[in-house]
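Shared between the two complexes below is chain A, which has chain B as its partner in the first and chain C in the second.
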Partner chain A sequence: MKPFINAKGLVHEYSRRDEEGNVTGINRALDGIDIEVKAGGFIAVLGANGSGKSTFAKHLNALLVPTEGTLYVDGMDTSEQKNNLPIRRTAGMVFQNPDNQIISNVVEEDVGFGPENMGVPTEEIWRRVEESLKSVGMYEYRKDSPNHLSGGQKQRIAIAGIMAMKPKCIVLDEPTAMLDPSGRKAVIKTVKELNKKENITIILITHYMEEVTGADYVYVMSEGQVKMKGTPRQVFARSEELAKYRLMVPEVTKIALGLSKKGINIPKDILYPEELTDILLKIKSGVL
Partner chain B sequence: MIRDITIGQYYATESIIHKLDPRVKVVCTFAYIISLFCFNQLSGYIIAALFFWCITKLSKVPFKFIVRGIKPILFMLVFTALLNLFWTSGEHILIKYGVITITAEGVKRTIFMALRLVFLIIGSSLMTLATTPNQLTDAIEKLLRPLNKLKVPVHEVAMMMSIALRFIPILVEETDKIMKAQLARGADFESGNIFHRIKSMAPIIIPLFVSAARRATDLALAMDARCYNGGEGRTKMKPLKYKKQDIIAYLIMLLYITVIIIAGKYLPF
Partner chain C sequence: MSIKLQNVNFIYGIGTGKEKQALKNINIEINNGEFIGLAGHTGSGKSTLVQLLNGLERATGGEIFYNGKNIYDKSYNMRNLRSKVGLVFQYPEHQLFETTVINDVQFGPKNLGLPQLEVELRSFNALKMAGIDDSLLDVSPFALSGGQKRRVAIAGVLAMQPEVLVLDEPAAGLDPAGRDEILGLLKKLHDENNTTIILVSHSMEDIAAYVDRLLVMNQGEIVLDGSPEKVFQFEKELEKIGLGIPQPAKVIHQLKEAGADIKGTPVTVSESVESIYKWLKET
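Now for the complex of A and B:
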């Protein structure tokens, strides 16, 4: 099957210019990225600050175009201008700052903004707004002002705004970076449900390890390159390497690693707290 | 909470006036203001006042909210009134004391002018109290659409207005935050002469501008990502459509204007 997202040798250079517009410096933010994502997949992109995650995300939405290499989204070449709108319909994007991506001052009108732009008929807009607000669990806030919502709620509104455009894929660029732990949980839960129930391809960009445990596949970026890839278990088992890229494995994995260093016979790729308690209980009762 | 501040002054309630198409309210308010200048005798003011009183009752907006609109212009009101009082020449001199002369014509004109201003203010107050800012921008966009042909970017201006409505409370809160942060660093906004105080505002204004610019770039990206492409080919989630009640409202307004004009011509006082 053809991959839904296909990046080959993707390079992006930001050029610094002086007042006259002459290039004074070049910053290679992406340096030969190869990523393939299947339709309906849930992939996570990890990386420390400045590793090029946001730059990559913006390519998926044709907000930036490759300097070198190619990127196809659902078979469309992002470097062709005429594909801009179709690509933005296919791949929706949720940004980091919840305040700066909500356009209207009534929740339902904000969710309707995307469909309005796409020229969807009025009754259909209302149907979509209702449906997507329900699917992120924010339907009862539809008449409110976004200014009165918490960060996590605003982020879910932003997700609903994307959902209403009926994209095949949603790219989330650190959607939880400005949220408190409970807001973070609610957003990640929403995202996982969309992936499972609606079969929407998810690309989650983050630097919180706990959030990627549900992903099918994880890419680790550093200095504009993909340095590691694999299932979450495969990636987290290599904690020393992750530390090199200024990333830390989840707390549970760290505890398991520490225990195994102390000579306790425990797998290195534990992802969930329940998993760890399970194994520890088994060891205690002598099963293992 | 500072985020609760509302721009405009919408008074949320259910009333016939609230439910009218916002275009009706904008057009009728303009017509009402113009009508105030179509007469110059007492009966006209009585009719205008009665009409306004009926609309206010229908709108269910408490009267004290409406008169609140007069407060900010009270100074201007008194000032123009005094000018009119002292500078109108006429035949029936009431008081003459040194350079000050007050004539009967002056008194009449003063009262009428003040009344006119008051009606003008409370009339537009009532409109903003009974219409949400969003509806207002929608109405303005639709009413001014013909100007599109003259290359006036009507849709863009309306979009800017509604984005401003969303971001003003956020920026107000941010100003408050920056101010507190600078106070914590020992900044002093209160003392010194006026120049000193203006200068001490720089540590607030500059971060505020930087942050506003960042928000603007972020928002532009977010709008792009959601397929925003200007007004063309856009549909509306809440399109404005005239209903029966709106036509009736226009007819009532027309009737009022006719009455006012006839009264101005034929009534003796």
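Now for the complex of A and C:
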């Protein structure tokens, strides 16, 4: 089967310009990326600030086109302009700063804007608006103005707006950066459900290590290249290598590593608090 | 030096028929040299509260005293307050507007009327502290990655060398190493210069590791005020209001619930490793 997303040798160069618009330098933000995602897959992308994650995300949505190499989204070549619109309908984007994504003065209109634009029948639009607002916990704000909401509330509206379009794929670029713990949990849960129940392909970019534990596969980027890849457990078992790329393992994994350094015989790829508690109780009672 | 809030209320949209009370009767005193964490669910009023502290917004009720002086007195010098209380916005885009990174950072100190040499010295220093590479100085702030923008916004406020640093989610969007660097920098400013720090954060892990005193907000009110060790004992309450406790504290709670006799109330990774190790070695 052909991969749903297929990047081969993908390169992106930004040209830096001075105040008069003259090119003063070239910045190779993506430097030969190979990433394949199958339809219905859930991948996470990690990496230091400036490593190229958002640039990659913008390619998935054809907001940027390859300087070199190729990128196919659902079989469509992103470098062909005629594919722009179908690609944007296929891959919905959620950004970190919701301000740039809010369009309308009323929450429910904002969420309905996408499907309306796609020609979805009115009744179906309202059904989707209700469903997606409920799943992000913002249904009671449907008549409010998004401009009067807090940062985290706006972000939930932006996510609902993308959900209502029911795209085949959702690209989330640090969607939880401004959310409180329960909001973060809710968004990650929603994302997992969209992936499992609706088979929507998910690309999740984040700096929160705990959030990627649900992904099938993790890519670690550094200086425009993919430096590590594997399942979350495989990647988080390599804590020293991660540190080289300015990343860290989740805090529970750190505790396990700390205990292991002190001579306790404990696995180093623990990802969840419950898992750690369980293992510790077993070690204490001598059954492990 | 202290900031005192007395019966502070804030209502958005007064007179529009769509009023929204964002702060209800806030009474707190922030003392000189404290490192304070401010947590709360989304929409609880954190950003509104911190915008009152440097006079950016005006309380719709109540008083605020800076060093004992009422900042709402007619004769009070608001401009001066803004240079003493530096605010890093939740969204760096709201703060960056100049054509180059260096101009952006110099804007604040220039406005203070400092001599050019001092302006430059402070700006280069601040950019260095915030982890911005020299190669980015002449770049437009809008051509930066998310985390790079955040650092420039922080540098802009650091360059003003305020007495009180208020940061609204400064670590959001930073990579894990960057998060530690910036929070470590705040700790250094606090320890070495006695700068008062007010850190708004959704990360209970960051709060546990850095702050001395934690204020928790719920629906416009302060509902918990104490050391992180104390506040994180209220796991159920925190969860009820959309928050949680740091992962290490969670593991400790689970162990205790299962009957483990662990001493103390560790909330950070290193504290937990110590306590768990001792417990495992006990016979």
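As a working rule, the second predicted complex is superposed on the first by the 269 of 288 C-alpha atoms of A that agree within 3 Å, B and C clash if a C-alpha of one lies under 4 Å from a C-alpha of the other, contacts with A are read in each partner's own complex, and residues count from 1 in each chain.
By our rule, a residue touches a chain if its C-beta (ideal position, glycine included) is under 8 Å from a C-beta of that chain, and two chains touch if they have at least 3 such contacts.
Just so we're clear, the structure is a prediction, and the values are computed from it rather than from any experiment.
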Clash or fit (per the criteria above) of chain B with chain C on chain A: clash
Partner chain(s) touched by A:125 [first = chain B, second = chain C, both, neither]: first
Chain B versus chain C as contact partner of A:148, first or second or both or neither: both
Which superposed partner A:191 touches (first chain B, second chain C, both, neither): neither
Residue contacts with chain A in the superposition, chain B compared against chain C: C
First (chain B), second (chain C), both or neither touched by A:97: both
First (chain B), second (chain C), both or neither touched by A:136: neither
Which superposed partner A:220 touches (first chain B, second chain C, both, neither): neither
Partner chain(s) touched by A:250 [first = chain B, second = chain C, both, neither]: second
First (chain B), second (chain C), both or neither touched by A:181: second
Touching both chain B and chain C, residues of chain A: 97, 99, 148
Residues of chain B that touch chain A when the two form their complex: 3-4, 133-134, 162-163, 165-166, 169-170, 214-215, 218-219, 221-229, 233-239
Touching residues (chain side chain C, partner chain A) in the complex: 12-13, 18, 20, 40-44, 47, 90-91, 93, 99-100, 138-139, 143-148, 151, 169, 172-179, 202, 204-205, 239, 242-244, 246-248, 250-251, 254-255, 258, 260, 269-270, 272-273, 276-277, 279-280
Partner chain B, residues of chain A touching it in the complex: 58, 61, 63, 85, 88-89, 92-93, 95, 97, 99-106, 108-109, 112-122, 125-126, 129, 146-148, 161-162, 165
Of all residues in chain A, those that touch chain C in their complex: 14, 16, 18-19, 24, 47-50, 54, 96-97, 99, 148-153, 156, 174, 177-184, 207, 209-210, 243, 246-248, 250-252, 254-255, 258-259, 262, 264, 273-274, 276-277, 280-281, 283-284
